[in-house]
Structure formats: C-alpha cells, structure tokens
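In what follows, a structure is listed as structure tokens, so that the remarks can point back to it.
Chains: A, B and C, in written order; residue numbering restarts at 1 for each.
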Amino acid sequence: MSGHVSLGSDGDARVAVVTLSNPSKFNAMSRAMWRELREVFARIQASRDWHAVLLRGEGAHFCAGGDIAEYPDFRFDADRLRAFHEDEVWGGLQAVLDCDLPIVAAIGGHCMGAGLEIACCCDIRIAAEDAKFGAPIARLGFPMAPREAQLVARVAGAASARELLLEAAVLDAREMKARGFLNGVLPAPELMAEAQRRAARIATLAPQAARLNKRTLRALEAAATVPEPLLASAYDYADSAEHREGIAAFLAKRPARF
Amino acid sequence: MSGHVSLGSDGDARVAVVTLSNPSKFNAMSRAMWRELREVFARIQASRDWHAVLLRGEGAHFCAGGDIAEYPDFRFDADRLRAFHEDEVWGGLQAVLDCDLPIVAAIGGHCMGAGLEIACCCDIRIAAEDAKFGAPIARLGFPMAPREAQLVARVAGAASARELLLEAAVLDAREMKARGFLNGVLPAPELMAEAQRRAARIATLAPQAARLNKRTLRALEAAATVPEPLLASAYDYADSAEHREGIAAFLAKRPARF
Amino acid sequence: MSGHVSLGSDGDARVAVVTLSNPSKFNAMSRAMWRELREVFARIQASRDWHAVLLRGEGAHFCAGGDIAEYPDFRFDADRLRAFHEDEVWGGLQAVLDCDLPIVAAIGGHCMGAGLEIACCCDIRIAAEDAKFGAPIARLGFPMAPREAQLVARVAGAASARELLLEAAVLDAREMKARGFLNGVLPAPELMAEAQRRAARIATLAPQAARLNKRTLRALEAAATVPEPLLASAYDYADSAEHREGIAAFLAKRPARF
C-alpha cells in the first residue's frame, strides 16, 4: 500500500489542512488513500475544533488520478469493481461532500480523474496557472461511474464533462476559470497563501450559518438522484476486452488499440 | 415603515418601470417593500397595458439587501422568522418569478442579499461596471432560506452561490458577467439607456410568445422542488446565540464574535 | 420538398460526416430534412463502422432555422403543429441525442432556431469566429416547444435561453464561448480542419467507454422530465392571431405588428 491522506493544521488553528500524499505518483489515489480520505473527513465532521478546511496535494501537484498500478487486482470483476467505485471511491467523495465545514481546494499541477472528482466535492476551488484538468479514462478503456459522472457534470458543467470524458481533453486553469469551475487562478507561488487567506477568512464567519447553508445546498443537489437502472448495469463492462486492453497498454507504456 | 416600491413608466408607454426606493439605505428592502413588490407585480400581471418590465433601484444603487434595523423585531422567533421568509420575502420574489412579461434588471452599485435574489427573478440582467454582488449573511450569523438558496444557486450557479454564501465574497460586475449571471456590463452612465433600449426592443416582440416561453421555462424549473424536510427545519436557528450575535454586532457597528 | 441530410465520410474512415444541406436557405431544416436527420442517425446507431460523428452544414453556414416557407401549411392547427414538433422535430433531435458515438458540431455562419437545437444535441461544439447564434421566434409570433426549450436551457443555460427567446437576441461565437456553450472558437478557414482533428482524436479512444459515458450522461439528464401539463397545452396557440401575423409578416417581408 502506498500513499496517505493526512490531517493537520497550518498557521491558523481553526483551519484543518488535509493533504493528499503519494508524491512519487503525483498524489494519485490508492485504495488505502480513499479509505483514509473518508476517515479524515469523518474526524473533521466529529470535531468541534475547526471552522474551515484547506484541501491540497503534497508538493506541486493536487492529484493525478487513481493509482493505476493497483487496477489489475480488482477492475476486471464486476462485483469487485462495483465495490471499489460505490464503497471506496464514493465513500471518500461522499465524506467530503457531507462535511459541514467550508472546504477550500488549492489546486496545483495535475488535477486529473480522481483529483478532479475530489475537487468537485469542495466549496471553493482556486488553482495555480499551471494546473491541468482532465479525466482521460477513455484512453484506459473505461467509463466514469454514474455517481462520479453526475458529480463532475453538476460541478464542471455538462459541456465540460463531455469534452473531458469523450475527447479525453486536458484543459488548463484559465479555461476552467472561464467555464466557472474555478473561483480563482493565481501564479503558482501564490497559491497556498491565497488558499490560507480564504480559509482563514471563512473561519472568522458564523459556523452555524455555514453548516446550514451547506446542508441546504446539499439537500437541493441530492434531490437529483441517480436512476436505479443506471446503477444496476454500471459495472457490466468489467471483464470486457476494451477495459483489459486500456489498462494493460497503460501499464506496458504502449498505445492502446481499441 | 420606510421605503417604497413604485410602478410607473418612462419614455416607452409599453414598458412598466418598477423602482426599489429606500435611498437612505441604498434601497434595502423593508418588510413593507416586500409586500409592495408583490402588489406591484400583481398589478402588472393583471394589466394588459405593458409588454415588458424594467426593474431598477432609485439612484445609483440597485438594492443593498434587507433592512437590518427591522430584524431584532422578528428574527429570533422561529415562527415569525418562517413567516417573514416564506410569506413576505418569498411572496415578493414569487410574484416577480410569476410575471408573464419579460423583466430587464438594471443593476448599479450594491446588489446584495435581497437585491441579488430580486435580480435572480429577472430575465435579463445588465449591470454598471461598478456594481457589486454578494450575500454576506454569514457575517450576520444566519443562513439563506432554502427557496432563496435554490433560486440563487440555480441562477448564479452553485459554485458562485457557495463562494457568496460560505466565504461572504463580494464579486464585481465583470466577474459576474464571466460567470454567466449578467447578460451585459456597461459604464454606469450608459446603464439606464441600455436597459430601456432592451426593454423597448422586447416590447416590439410577440407578447403571447413571451408569456408562453416564460411559462415553459418556469414550469421546467418548478419541477425541481425543495425537499420538505429541508423546509420543516429551516428556521430552527432563530433563537441561537450565533444569530443574535450577528445581528447585534451589525447594529452596534462592531465585529461579530463567532 | 427541398433540402437533404447526407451521411458520408471524409479523410478518416472511422468518422461519419453528417451534412445539413439546403444551401439556398442557409441549410434551414425542411420537414423532409427532419425525417432524414432521424434516419441518418438511426443508420449510424445501427452501424459498427464508425467511432465518431462530425456534424456540419453545407458551405459556410450551419443551419439558419426551420424552413418558414412550409409553415403556413401546418402551423395554424394545434394537432398538426403538435405532430410537427413532437414527432418530426423531436424525432430528429432525439435521434441525435440517442447516438452512442461522440458528435462534434462544426458551426459556421448562421446557427439559429433549429440549428441551435441541433447543436445542443451534439457533444462538442466548435464554431467559426463569424458564427451567429439565436432563436428569434418571438419575431415570428410563436414560443419554443417545451422539450426544445428544456434542451436549449439545459445546454446553453437558462440565462442565455431567456435572452435568446425573450429578447430575440443574436449572440456571436465569442459570447457563446464565454457562456460555456462552445468548446472552442476558431478563424473560419480553420474550422473544418479542427473539427476533423477532434473527431479523429475521439476515434482513437475506447468506443465502449464513449458509449457508456454517453448513456450515463443521457440517463442523468432524462431524469429531469418535462411536466405533463406543460405538454398538454403546449400547442393551444396554433390558431392565434399573433402566430398568424408573425408568419405572414415574415413571408411578406414586412415588420410584424404585435
């Protein structure tokens, strides 16, 4: 198992700092990290110490996606694939969505796949000018899971979701700002200070108001449920040739043949 | 009681001009003004004289929010707070939303809180370059009511709603144009002439088509209802320490301590 | 009957090229073309030959709207009007929406009314700098049909839908890019090459992943149904004076008097 999700604090004692850390893989999310993400946000939710959360990656990158080296272990069996997406991945994302404290995401470098999804669960997203956004899993031969696709389409907009998923497009920070996904874009050296400034400002505001506002917005979004038939068949592709070829080609560092 | 909402006309006899007027408070909405807003739009809806509506504030500002001086009278009792938001505020906003005529909002200066919500009920929003948009009620220790939050999230977008509510951010006209909230931004001296030009242009178009288009768009949006449990508990915070502190600090012109 | 919708291929054998062709009317959609659009996309859906679709207009324009010369034949009877919108128009649009292959729209010149709706059914929209977008049917005295209005409001955004419908606004490509409707804008001479490049890139990606991603996004959008009462009364305006005047004035090349 590689990688960790850590909880700490920085200059401001009221701001919880969550760090995605798997630096040799640009902070790609391993299965262990998805479980830790859930635990960390459960601890934040249970605590009364914090007024805001700052979520970042270790070093210059936010998160480059999933840890693909682990994929051959479980992705080609529909039941195990479902458990991965519905329990591990969605368990982590849901814990972030359920957090009653405002969350500021500080996004540098790669923000791809899992990183994009985690960013979608935050309330305020600011990025370094050099940040890159994408979900190029069509190169890996598999689609986005329904709940995750709903999340990305809701937050990034359906037009951007289609470009990211269907064309495997990678968009830069300026473009994602223009499309309404980012609240601000800054030179990379200023990113962390600006994120801390925003989180510290939030921490001075009324916490009950923040909690009730987040609950309202979450309840309004939850009213748009994912249709059951979509979930029932979502992982039937597990053992397909295309899925196997995409993962195999990536790991062999060769182009996939679809 | 202070402030008025007036109905009149300007150069073009087919354009109803609605003016929010409470100039000593940047046109902040008093309870009397919410009731007048509803009555004015009921009169417009009942009339056959008009083809379009221009909605503006008196003088250089659109509307700076609610009239906070009135808040200690009723905000700390859940039943009275519910009646204020669900009957008075939503009664006014619903009357604007229900108007079958196209509404052009001409937005200068402050467009905050109640002003932002009223702007969200209009069809075309144009603003002066110096206009400022926000809903900094987290400074006042209370959240946005569910129907109002749904309205703002739908029209301004969820990402902007989160920044405005959770960070108490104040955004300028250029930023709100980039985020898709505004249809146009102009130098302040040109704002009224452009709003009149747009309303006059609408007034030459087919009124039945406008009425049916507005009914269609309204029916599609009404399909997204506000969950009942959210409404049932929405005003439980009325008598909380945080709510009392926020209002008290504002009226005493001192920083709130949350 | 005038106009055709053709299916062919260009440089890349995996890219189906669909061309809207009615060049003397800037490719306005005749009733025959709506039926052909449905047939062409049914053939694409039944085939295994293609990996992506490029949709364009013949010559410099995408599509200028409906073929208004045909309108006096059927628009003033509610049953025939309903059949036109629900069967012919929506039959064509639904076939495009149901296509499991990613669709790139290459939009030059006029993209109005029916053209705007067809563009909304595509996944990636790129336009020439000189492209113009609108749905000025308020000049013709009639509203947009409910399913079509839902489509345009969902893809172009409710604020743009209101400006296009209620003000009969015509917006340029730069503005539609800023509003998130377009994925890219290019000088007109580069439009087709860029559309082909994007379609060819999509054609190298995993087709099963594309099909499943499109099914997921379609199922999520289909969860927002059009209320039945809206559909029941949607065409009651057929025999109204305003509707007749709008069409008559257009065909007589004189201003309508509403």
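For this structure, a couple of remarks:
Please note the rule applied: contacts are C-beta pairs under 8 Å (C-beta built on N, C-alpha and C of every residue); 3 or more make two chains touch, one makes a residue touch a chain.
These numbers come from a predicted model, not from an experiment.
Interface note: chain A and chain C, two copies of one sequence, contact each other through mostly non-matching residue numbers (shared numbers fall below half of all numbers used). Superposition on CA atoms relates chain B and chain C by a rotation of 120 degrees, given as a multiple of 5. For the pair chain A and chain C, the distance between mean C-alpha positions equals 34 Å. Chain A has residues 178, 180, 224 in contact with two or more other chains.
Interface residues of chain A, counted against chain B in their complex, comprise 102, 123-125, 154-155, 178, 180-181, 183, 198, 201-202, 204-210, 212-217, 219-224.
The residues of chain A lying in touch with chain C in their complex are 137-144, 146, 149-150, 153, 157-163, 165-168, 178-180, 224-227, 229-230, 234, 237, 240, 242-243, 246, 256, 258.
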